[in-house]
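For reference, chains read A, B, C and D in written order, and residue numbers begin at 1 within each chain.
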Amino acid sequence: MPESTAARRPAWVARLLTRDAALIAVLVLVLVLASAALPRFASPVTVGYLLLNAVPVLLLALPMTLIIITGEIDLSVASTVGITTATIGSLNLAGWEFLPAVLVALLVGVIAGAVNGALIAFVGLPSLAVTIGTLALYRGLTLVLIGDNSVSSSQYPEGFTSLINAKVGATGIPIVMGFVILAAAVFIIVLHATPFGRGLYALGFSKEAATFVGVHVPWAKFWLFTASGLVAAFVGVFWSTYYSARSDSANGLELTVIAAVLLGGVSIFGGRGTVIGALTGVLIISNINYALRLQRVPDVVLIIITGSLLIVSVVGPSVVDAARRRIQRARRHRTRPLAEARGIDGA
Amino acid sequence: GGEAGGGEGSSEGASISFIPKNLNNPYITLELSGAKEAAEELGFTYAEAAPLDAGADSQIPFIQTEVQNGTQILAVSPNDPDAVCPALEDARAGGAKIITFDSDSAVECRDLFINQTSVEGVAAGQLEQLFDQIGGTGEIAILSATAAAPNQNAWIEAMIQQIEESDEYEWDLVATVYGDDDDTKSFQEAQGLLQSYPDLAGIISPTTVGIAATARYLSTSEYKGQVALVGLGLPGQMKEYLDDGTVQAFALWDPSEVGYLTAYAGKALLEGTITGAEGDTFDAGKLGSYTVGPDGLVIVGELLKFTPENIDEYDYISF
Amino acid sequence: MTLVDHRTRSLRDRAISLLRLREVPVSVALIALVVVTALLNPRFLTAQSTKDLLLNATIVMILATGQAIVIITRNVDLSVGSILGISGFMTGTLFATVPGIPIPVVFIIGVLLGSALGALNGLLVTVAGVPALVITLGTLYIYRGINNAWAGGREYFSGDRPRAFGDLSVDTVLGFPIITLIALLVLLALAVVLAGTRFGRDFYAIGSDPDAAKLFGIRVRSRVFSAFVINGALAGLGGVLYASRFSSVGATTGTGIELDVVAAAVVGGVAIFGGSGTVVGAAIGALLLTTITSSLAALRVDKFWQQAVVGMLILAAIIIDRIAALRTARRLRVSEARDA
Amino acid sequence: MSITTPTAAPALELIDVAKSFGAVVALSSADLALHSGSIHALVGENGAGKSTLVKIIAGLYRRDSGVYRLDGAEVDFSSTAQAKSAGVAVIYQEPTLFPDLTVAENIFMGRQPRGRLGLIDRAAMRAAASELFARLGVPIDPDRIAEGLSIADQQIIEIAKAISMDARVLVMDEPTAALSGVEVERLFAVARSLRDGGAAILFISHRFDEVFDLCDRITVMRDGRYIQTHSTSEVTIDQIVKEMVGRSIEALFPKVDAPIGDVVLSVEGLSRQGVFRDVSFEVRAGEIVGLSGLVGAGRTEIVRAVFGIDAYDTGAVEFLGRPLPARNPMAAIRAGMGFVPEDRRKQGLVMDLSVARNASLTLRHRLARFGILSAARERTAAADWTRTLQVKGALEAEVSTLSGGNQQKVVLAKWLATEPKLLIVDEPTRGIDVGTKAEVHRLLSELAGRGIAIIMVSSELPEVLGMSDRVIVVREGAITAQLDRADATPETIMHAATASREGAR
């Protein structure tokens, strides 16, 4: 390898200083600290449990990242998970086979997402309001579908449930992570390496700027929300087999997903963020939570930590920015001092 | 895993972990106080962990981390009877003894189930109290916890069966509603019941949150004294309503005894005194000796029925 | 082109502009709902039922009023449920641990506590210049965590509180429960402030165009901060009233109420991106949302359908609002062309 | 040239004021003195720093250095409210209205008349607004919300707002840009009466006839610095222009004649209710068509509709002999159109993305292989055009860190990279410095020479005159004149652009 590091360093350093790199560093730090402090942490058992529990949030974070990058938000994801588990559960009670029920559930998820998408993209309603509405609507339909029943994985063919809990050899990595990685790869490619994804950043920065370079704004939004529904449906399938299908499945999960995505550096204003960052955000929260739980730190502390991390992650950069600007101004003033001018202040 | 599983015979210094449905609920706090007391008596290392809400998914990570911590006795009140099974099986594979208390998992996932009192007993007790107040006719309704709560649903099922089988009970069960063990929601459900069913004669609420919220609503409305309310309630919380006449009787057991017995059952399992088979007997400290019933079921005791006359004897069931 | 004398607006003009108010659709919906339900189930409007309807709406109404102010400034506060929880538990604690504490003092402490928590939100939002959605999502967790840590498994029951305090939500004056009257007074005061004072109009200006507001010399940060403080104070008041009405206050009091509150404001015609809407509209929205639950129960609609109906109602409200906005925009554009 | 100094201290005085935005020096050394009872003009090219100066006066920006005095006392405002309460009223170049509030409230925001109990007296407010509008002679309903007002009406409300303040110092940054002749006259009458009442007025305009008609003195600025102050009676337009530009006009507009080819774009009867009506024109290969008119005339809306950004109700667009679908910018891009929008920061660029990403945004479909983009290919494509246009700044740099001129070059690069047959440029030189401006002009000329058709929307008359082969004038959404290069003069264009509404054209 050629030794031109001196010339390359700026780009190299710049890459190290990106938010993603910083997040990954934080994740590594968390892992190292947890492994050092907790003897049982670094084990395949942790890997297995932690990742399996994180699957829903990891998956939901993928479309959420894209949606937030375009400046929108989807609060209905958890309810969509709910309605798809209810679909599987109630079809199971009606005597359906597992696979056909899953197909119907995926369809339900797509429809749920498309309804959001159509209202937001074509009717032009604000996504925050629409998805608050569908959050209630889809959860309501979940109740209608499954009522007071609880349908658990024991109802399904042995193969599916054991597949969910199967691990890759002795590593402890669940087989389903393969699916998560696949989905993540799809979203990473779509966002970072396709014309469509490039358009999403433009869209998130400014709708006008995107329109001028030929992004079809309504369709782009429509597809994103539909994709969000589909992914939520996959999570619903996972949920019904790993946990159970009930009316309260995934209740309140939307805020967890959004918090993790924002922690992962995706800007709520749109236009900034990466899939890797968002996934790292999810993993940071899951690891901290898991490690603290292993120490039997009460959940109360965990939610305070989650909230604080979220605030620090957005306030931090803005404080750093302000400080940097102040230093710059001070430097300028040193070279060209401001005339002592303090007259009527305020009047 | 693999670090659990103490030696046969002695259980001194063994670890026991309690995972109730959720924390921050007075009923559960009482339960755990009994558990802690027993653990101290037995010289166990005691731990408790639970989520803040009673979701199926939120409880599982706690079971998992306790499994990983190598706890030797795992006592769980499952929020979902089947969803907890994979995690419980992992625990068992690691050598831990599994006990469910308060609500049960699928039978094959645990060694013992410590139930307050028999499902039939709970159902019968509440129906009797209702019968005493309104007789055998009229419209009645049930206000439960969450729609999928296993123990609630078991009691409701038993009540419906007993009403059908009995010749005295000619009630018309018009509705079953769910307050989700949420004070506000239960309150509004109670209110909705009275509005929808003007002729309602009585309400059964087999949950401490539900009965308190319903009593609060009744006591603040014109229905006070008109509509009978029975169910499972905490004496400390319900005394007010007994005093003001909103409620004439309600029932419960001593929650701390459930926790207490669970810890002793754990000791017996760990020491190999019992295996969970029907007919096994074990010693439970101040509670005396207990015998395992079919399907690994252990019943703590009888339903305690509270009335204005005896309520003051039970104020220890409080905090 | 004719010059119209705008000082003498015709009655018809006034009537038309009245009909265009954003509160109209929600009020019509509310009236229709009550009338239809009462026709089908006459007990729906008995004294007790009416009292219950009002009581149910009271707390959400107070929270929606505060939320409306925050939303009008183009912000949002998701932490209100947690603030209500802490204030409610504080109320329980005060009565249980300070025997004989006067009721007004408890109100004051609850409101101050809420204001302090709201002020923290406001500080974070204005000083750091970070979107309120993120900040208050964070404080939603933090405040709830604090509430949990403080309360643990403890709960305070209505029996621990003085009878007079509980009676605030039992006794009525002119058919209105006292806590509802408190809420209405607060609502009225804030409605006047928002519509009739310079301070209140600043909120609209800020939400309408924050950049223009800054250019204009409006103290944007200080106003946004005040909006969060007012909202916090109202959530604090909501917590005290909660303790008066319901049987227990503990670690989870008020969980999840934030989305209902935002929904009530949106249904009541408060534009989610700020600048328009009124607290009265938000309060009517809250009344509509809580009434719909009761009326579905009164109509014996399957309980499992209730939440779905609420969801549809929210969607209908924003769709109607959008259609109205589009029509207004079109009307303005065309009338502009005619002027030209 | 020396000016007789009035005896009293100036009402407002700026000495050697400087202001930079990051690397951009907006003002390097500005001087200004306004006197009570006098109207003072400030002229200078686009980007000379006039608006920046205004914003410093208004308290919106804080100067980096220099002196700011009001009535002889030094001041340092940190908000516009402070300036306002010190008696300084400002009409900004861009209207700053609150769209959700009524017109009356917009005027009296923060100063609403109060009645009983200290509450806002809406009737009084409405009456006061009506009175102001009567004084200005415009029929605007004080109770209507500001949303959807035309630019001219918005400007009138700004004016009403400023005069209602009875300020000692009134600053007007291009208040007439959107107004018709009658409205301008009324405004001038009001301004004169305010002057006679003792106000000090600063008036900024690009229209020399107005400047000479209204003002007593004229200050010229160039490239952020003070050049000279004249008494209006002692100076000629030529002299002012020379000082403003600092070089001869010819050098700025290096239009070379290009062979004009076949019709590339043909627009037939395009209408959109309330925005523009019955717009028809053609553009040929190698031709530069200037679209002129007042701000708010609807030029931008017309070209946006042609490109497919906005919808139109009736009419048709034909491009290269084939009909172009409505509301489909992608189709327009594919067919070979490019569009450099007027607002570079919000429409032209994605400020958070790098130069390379921005420059290749229009090419994203073409650069993708099997639907996947490669960063390397993107960089190569971007490098070509940014090098040709001499964009200063690394390819990886975020465009937000570039200067305005360089940002505009990135916008141009991203469209040139698509090798368009027709390029629409909307205010291509707004806010970029003189040097870069000349470069942009040379580039446009060169592109025309290569056979590319160009539609240039511009509010700068010299630019339109210097660059266009043909000038189309738009007034109130309709084409009022199509002038060949030979017939296009400032007079013919302004006449077509402003002919009074009642006028018989």
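The working rule: contacts are C-beta pairs under 8 Å (C-beta built on N, C-alpha and C of every residue); 3 or more make two chains touch, one makes a residue touch a chain.
Keep in mind it's a predicted model, so treat the numbers as computed, not measured.
The minimum number of touch steps linking chain B to chain D comes to 2. With centres defined by CA atoms alone, the chain at the far end from chain A is D.
For chain pairs B-C and A-C, the one joined by more C-beta pairs in contact is A-C. In whole angstrom, the spacing between the mean C-alpha positions of chain B and chain C is 38.
Averaged C-alpha coordinates put the centre of chain A at 30 Å from the centre of chain C. Measuring from the averaged C-alpha position of chain C to that of chain D gives a distance of 43 Å.
With touch defined as above, residues shared between interfaces to two or more other chains in chain B number as follows: 23, 52-53, 178. Within chain A, residues 143, 147, 252, 298-300, 303 each touch two or more of the remaining chains. Each of residues 82 in chain D touches at least two other chains.
Chain pairs that touch one another, listed by label: A-B, A-C, A-D, B-C, C-D. Remark: chain B residues 1, 23, 47, 49-53, 55-57, 60-62, 64-65, 67-70, 80-83, 85-86, 106, 146-148, 150, 153, 178 touch chain A in the complex.
Against chain A, in their complex, chain D makes its touches with residues 18, 20, 63-70, 73-76, 78, 82, 85-86, 307, 309, 328-330, 332-334, 339, 341, 343, 346-353, 357, 361-362, 364-365, 367-368, 371-374, 396, 414. By the touch criterion stated above, chain A contacts chain B in their complex at residues 40, 43, 45-46, 49, 53, 56, 143, 147-150, 152-154, 161, 165, 239, 242-244, 246-252, 289-290, 293-294, 296, 298-300, 303.
Every residue of chain C that touches chain B in the complex is listed here, in rising order: 41, 43-44, 47-49, 51-52, 56, 148, 151-155, 157-159, 166, 169-170, 242, 245-248, 250-253, 255, 293-294, 297-300, 303. Chain B meets chain C in the complex at residues 23-26, 28-29, 32, 52-53, 175, 177-178, 182-184, 187-189, 191-193, 195-196, 198, 209, 212-213, 215-216, 220-223, 236-237, 239-240, 319.
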